[in-house]
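Think of it as A, B, C, D and E in the order they're written, each chain with its own count starting at 1.
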Amino acid sequence: MDGIVRRSIEPGAPPGTLAGRAPVGEEALHFTLVEYAADAVEVEEAATVERCKFHLATPEKTWIDVAGRASAQMLNALGDAFHLHPLALEDVFHSHQRPKLDIYEQQGFIVLNDPVYVDGEIKPRQVSIFFGENYVISFHDADEDIFRPVRERVLRTGSRLRRKGIDYLVYALVDLVVDRKFPVIEKVSAQLESLEDEALDRPTSATLKRIHEARRALMAFHRIQWAERETVLSLMRPEVPFVIKETRTYMRDCFDHTVAVMELIESYRDMANGLMEVYLMDTSNRMNEVMKTLAIITAFFMPLSFLTGIYGMNFETETGNMPELKWPFGYVYFWCMVAVIVIGLFLWMKRKRWF
Amino acid sequence: MDGIVRRSIEPGAPPGTLAGRAPVGEEALHFTLVEYAADAVEVEEAATVERCKFHLATPEKTWIDVAGRASAQMLNALGDAFHLHPLALEDVFHSHQRPKLDIYEQQGFIVLNDPVYVDGEIKPRQVSIFFGENYVISFHDADEDIFRPVRERVLRTGSRLRRKGIDYLVYALVDLVVDRKFPVIEKVSAQLESLEDEALDRPTSATLKRIHEARRALMAFHRIQWAERETVLSLMRPEVPFVIKETRTYMRDCFDHTVAVMELIESYRDMANGLMEVYLMDTSNRMNEVMKTLAIITAFFMPLSFLTGIYGMNFETETGNMPELKWPFGYVYFWCMVAVIVIGLFLWMKRKRWF
Amino acid sequence: MDGIVRRSIEPGAPPGTLAGRAPVGEEALHFTLVEYAADAVEVEEAATVERCKFHLATPEKTWIDVAGRASAQMLNALGDAFHLHPLALEDVFHSHQRPKLDIYEQQGFIVLNDPVYVDGEIKPRQVSIFFGENYVISFHDADEDIFRPVRERVLRTGSRLRRKGIDYLVYALVDLVVDRKFPVIEKVSAQLESLEDEALDRPTSATLKRIHEARRALMAFHRIQWAERETVLSLMRPEVPFVIKETRTYMRDCFDHTVAVMELIESYRDMANGLMEVYLMDTSNRMNEVMKTLAIITAFFMPLSFLTGIYGMNFETETGNMPELKWPFGYVYFWCMVAVIVIGLFLWMKRKRWF
Amino acid sequence: MDGIVRRSIEPGAPPGTLAGRAPVGEEALHFTLVEYAADAVEVEEAATVERCKFHLATPEKTWIDVAGRASAQMLNALGDAFHLHPLALEDVFHSHQRPKLDIYEQQGFIVLNDPVYVDGEIKPRQVSIFFGENYVISFHDADEDIFRPVRERVLRTGSRLRRKGIDYLVYALVDLVVDRKFPVIEKVSAQLESLEDEALDRPTSATLKRIHEARRALMAFHRIQWAERETVLSLMRPEVPFVIKETRTYMRDCFDHTVAVMELIESYRDMANGLMEVYLMDTSNRMNEVMKTLAIITAFFMPLSFLTGIYGMNFETETGNMPELKWPFGYVYFWCMVAVIVIGLFLWMKRKRWF
Amino acid sequence: MDGIVRRSIEPGAPPGTLAGRAPVGEEALHFTLVEYAADAVEVEEAATVERCKFHLATPEKTWIDVAGRASAQMLNALGDAFHLHPLALEDVFHSHQRPKLDIYEQQGFIVLNDPVYVDGEIKPRQVSIFFGENYVISFHDADEDIFRPVRERVLRTGSRLRRKGIDYLVYALVDLVVDRKFPVIEKVSAQLESLEDEALDRPTSATLKRIHEARRALMAFHRIQWAERETVLSLMRPEVPFVIKETRTYMRDCFDHTVAVMELIESYRDMANGLMEVYLMDTSNRMNEVMKTLAIITAFFMPLSFLTGIYGMNFETETGNMPELKWPFGYVYFWCMVAVIVIGLFLWMKRKRWF
């Protein structure tokens, strides 16, 4: 059951309760701390929480990237250290949130999704971004250092990222997550193309199952992308704090990309539906062919069997019955009859376009 | 006919008439009274109406929880004692109202639904909540003490519920009812998964009927949830009385949960539709297989029967007809012919991919 | 062609032309006049137009109920006497108007529908209500005194109807017409339930026709109800004249009822669609069963017939052909062969799950 | 390809270019000039352009009705004489415009459609209406004097048309075009009813084709009507020049008619879809019947043929094989067997409800 | 996979990165420079970038048309020379952008699409238009000089293009691109008409494939056109800079054309769907005919074969069994039986309407 993530909060638990999550292997969190200004940058891999807390308080722009899924205690500790809103922490903890933007008092909280396509399924992976006046804190799963390209751009002296405000960093991270959809779609499309060849060449019932799977994956993808598009759109609203007008122009470009992703997903969905139709049509055509073959064989042999049946009857020939049996060329005559019947049927079927 | 609740108000009766309900067993109502302030709390199980009325008048926050379905007289008495609006009382009485929020002059009235999934049907159970400046009165069916977790949180000294206003209690109750949907969905999903196995392994016509039932249950669930989402959304509007801005942040979290429930329901609906397709496809494939088998058998035996028919004919062999019958190896020759026909047909079918 | 009412206005006729209606039997109109204030009430059955005109001019609240369909002359006379807008009169005359609310200068005009369910069809019957500062004039078909319950409530001293303004009477009438939908739905639902039994037990092609009819009836009902819901909604708008805020609270309750009716209609529509699917599925299953039986019979008897065909051949046994024919136990041997073939086929089909 | 009108403007031509239209027979335009005030009216059939131009300049209300399709030169001349906007002229010229309202500086321009139903197709015919402070210029095809009823009403002394402003004339013309849809629908409905009889009684593949055609005609009609409804709606907007508030009340009535037309079209579309389903169902039922007959015949004759096959075998009876052949009543015994088989199969099929 | 254009931006690249495009043959760009005022015009084919840059700075209206797809370096150079926004340049570079309007600080940027219909596919080709206070820069593919008609109109002294502002040139270019859709639709429609003939006359499985292709092409076209309609609509908004009110009237006309294109596409889509239905219906009818033929043949020959089977049995006639065999006219009697059976079956089938 791909793409459907269950949540099992105990109903009635106070909001912000970090419990009831499907158990995940306890991973050590990996903190990457980047502090930067237009003219200086400092990166600290595997930073400690205390170091992070210290740098958050400095006037420079600070970006803390947290890789891995935190346990309840660690998250609570982080929440206290970084002043994160308990409701947002709950969303980070359960990590099955649909993309959204929440604005708390001194903090924005963005949820995005960076799905992977494995075994014909879209597996959602949550990315959470907190941002304030001069800091960004990002959370993502540990299996991939997805924000590396942005980090490298921060390191480059004179890059726009360095010169502009913290909102531009937020934009860069969101844009990265949005653009990471393109390779995923590429994979889905490769899968669909191989399915297309299969469906047109030699479809099996496994083909149908895989087309079905692809449709479901695209449906799940569509749901994620829809919410993500709304999220980027709401990031462009003037009332979002800390985001200046110039950055909104870039956000608009990012929004165009989310729309492009949507359109690609929809195109591939149309294509998958088309494949389904092709498959069904093919099944129905084979059925038709089988029926036609059956009808042709029956049409040929039933009259012929009747003929043999006639000359297999035991009427007494003495009394003049069945004179054919006594004709010297009776057997030849029989085969002529067969030929006449076969040719007649053949022409009749030809006219009916059965061949 | 699951999920469809009939109402039989006598048309033309004055509004607020408590009559015409399908008869329910007269149950004794069970009142649970909770009066609390930040530093004190008092719980009274099986309270009397008089006690409740007395506590409503005190300045402390009062929560009266009424379990069971009241008779018309009792409800009228309660309405008088607690100053409940007659139109709202009518909704409590009939208890088939879709989720909604009504704002009367000094009172808010919330209708929610806490459905159960029994025998493949979603059975709606109404939960009604009245709230005013310093009181909450909740009504629900008697079979389950659904609000126990919230009561326990009120009892805990220093809990947010104790510290915050009556609107936070409203939030806590609404949130509880919303979160109680998750276990229900869990049940539906378990049912669907067992149906999936059944549909793929050995589908019967009962399978189809149960998939159909599950679809109807999900449809009914969807309808309830849609209205509930709207209700929680309207609770977030600034014009709702007694609800302060801070609580609205929590309401937003609760709203996210209603959206998550919606998405789960829709995912499972997609899944149920997929199962339906799988079933139909399977039926059609079986049909195809039967037809093909029929065609194969016919294709093999019709020519062979024709052959036996030929040598069963009674042409007089004296006159030289049917010389094969007199050949010493005529019978062997016949079997060779059979072998040739069988092998020929086999190869022809092989090329046509019938095997 | 149920539910589709044609209109045959001559194109180009001036607006308000009372002509071109399908002819109806000229019925005598029946006027019921009710004049009431908080402390007095006077009812006059079979009142004359003059009496009505006189009472309209008095300061007391006046309700004139007109039963029956008026001829063009009568309507024109009434329009002059009661100062009704010509466009509204046209709508009363043709009586195929969808529910709506029109606000003229000193008058509100409500069109509602009180359909009946006869012979599997929803037959619309228009109800028209004019209201002004202190009067209500209602028009409806003559076959039923549909407003009797409201009249009885007016007669009861101290009832809310007596105490409140003319807008409350408008509400009471609208509410009555809305609630009259419930028994109609009840009838449709009873019909559907009997169809459900029929479809599951012993479906005939008449079943299909009746499911189809029920669907069309529900579709027509849906169309009426949709417009009626909009009408009640627009009655709640603050700009509607003569309707005070308190009455709007009641209107809201009435609106909830229209929504409940909508939901019931939609539920039954889903149910009817489900029945259609059940029927089609059943037809397809029967077809499958027939095909399978055909295939089984063919599979058993074609090989057996081939066997009899072999031993019916006339090869000369003298030359050693067909030694079986001369075996003392040849016939027993033949039956053994038959048994082997039958058992073999039976096991093969068993494995293929044809039984 | 009904209802689809191609346009072949040369891309890149300047706007307002009157060229590239599918050639139409050059018809002489027929001008009907009506000049009227409350107390006087003057009608001039077959007026010249100069007379028209002269009357447009007088203070009286002037209505020029142009019948026929103008050539490019004539239209250009008219445009100059009557001060018509070039873009509007282009729309008149190509006459395949969907209904719309354009407001130019001193002029309103309405496009409507007056379709005819011929040979199962909806053929659109454009009606164009220009209006200004004291004039109306209407264009329509020459085959029918569609505005005659309005002209007659203008001639009637004391009619509302004479008393009211030019906007009332605009309303009257629009209302006429809207009401002319009713007879068209009447024709479609008659066609559908005859198709219904045909589909239920003796459907042929021509029936299907004609149902299909009717569906397409209704689809084209729907498209036209949708745009026309929007046009009438936009005519009701307060910012439309020259239209006073009182006339808007009449426009509202006209709008109700467009909605009624829409609903009729949708009802007939539902009906046409229903017919399609009935047809398909009937085809499928016939197929089922054929299959069942085939299965019954096979089920009866295959066992019987096997029986004859047995007693047609040539086992040597001398050695005690096939004793039945020597029984005095062997033939009677054979027929008893046949009877047993036939009766047995008959009962079995009866139980399976094949009869 | 027609109509689906992939993009392969490296996720995380800074916005405005001109890389990652599918490689295109490096073409030399062809600049056409037009500088004009009301009384003078100057055209320079194959202009250099420096000349263009110079003319952009002059007060006269300048239109630079760039044909061909630029390499990253060239585009960067152009962007610097003409002050084009980097985000817009990125869109020009990748040239798979959906139609849109972007407003940068001193510049408007329009993306349109000029698709071609080749081999049953809609191939999108991007057209990009930058406009400022007194200049327009247009980009399009090199294969066709699509803007030639507009250039010729600029050259004509006294043409509206010469007299009016730069916004009118923008309108003329947009209008041209919009109107270029009509010939494309013409091609699609010709293709559909030939498919219609094919589907009705002698459908093959290739027919189905081509109907399918046409549907996909129309779907892709619809998507493009939808976005283009929105783009033209947003060009009509009052806040678009440099566009005066008078030009907006022309834009409205252009918008009407985009709507007309939409409607044509939708009509042809309906038509393609209708063709699909016709095809499927035809397939199903052929299947039915095959089945009926099979049933008829079986129904005739099974009873006849049974008859021959009977008289082929070997009951001993000495003991009085099978007296028919000894009748002098036994054989005649047999043929009479055959005739009776054939005629009886024929009449029975006639009554069942099998012929």
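Here are a few things to note about the model shown:
The rule we apply is simple: a residue touches a chain if its C-beta (ideal position, glycine included) is under 8 Å from a C-beta of that chain, and two chains touch if they have at least 3 such contacts.
A quick note: this is a predicted structure, and the numbers were derived from the prediction, not measured.
Steps from chain D to chain E, taking the shortest chain of touch contacts, total 1.
Using the contact threshold fixed earlier, the set of chains in contact with both chain A and chain D is E. Annotation, chain B versus chain E: rotation angle of 145 degrees from the Cα superposition, expressed as a multiple of 5.
In a homomeric contact, the two copies may use the same or different surfaces; for chain A and chain E, under half of the interface residue numbers are shared, pointing to different surfaces. Averaged Cα coordinates give chain B a centre that lies 26 Å from the centre of chain C.
One simple way to say how far apart two chains are is to compare their mean CA positions; for chain B and chain D this gives 42 Å.
Taken residue by residue, chain E touches two or more other chains at 291, 294, 298, 302, 305, 309, 312-314, 322, whereas all remaining positions touch fewer.
Taken together, the touching pairs link the chains into one ring where each has two partners. Starting at chain C and stepping first to chain D, the chains sit round the ring in this order: C, D, E, A, B. Interface residues of chain C, counted against chain B in their complex, comprise 147-150, 153, 159-161, 172, 175-176, 179-180, 182-183, 185-186, 189, 193, 249-250, 252-254, 256, 259-260, 263-264, 267-268, 270-271, 274, 277-278, 281, 284-285, 288, 291-292, 294-295, 298-299, 302-303, 305-306, 309-310, 312-316, 319-322, 352, 354. Touching chain B in their complex are the following residues of chain A: 1, 3-4, 6-15, 87, 90-91, 96-98, 100, 102, 104, 205, 208, 212, 216, 219-220, 223, 283, 286-287, 289-291, 293-294, 297-298, 300-302, 304-305, 307-309, 311-314, 317, 322, 324-331, 334.
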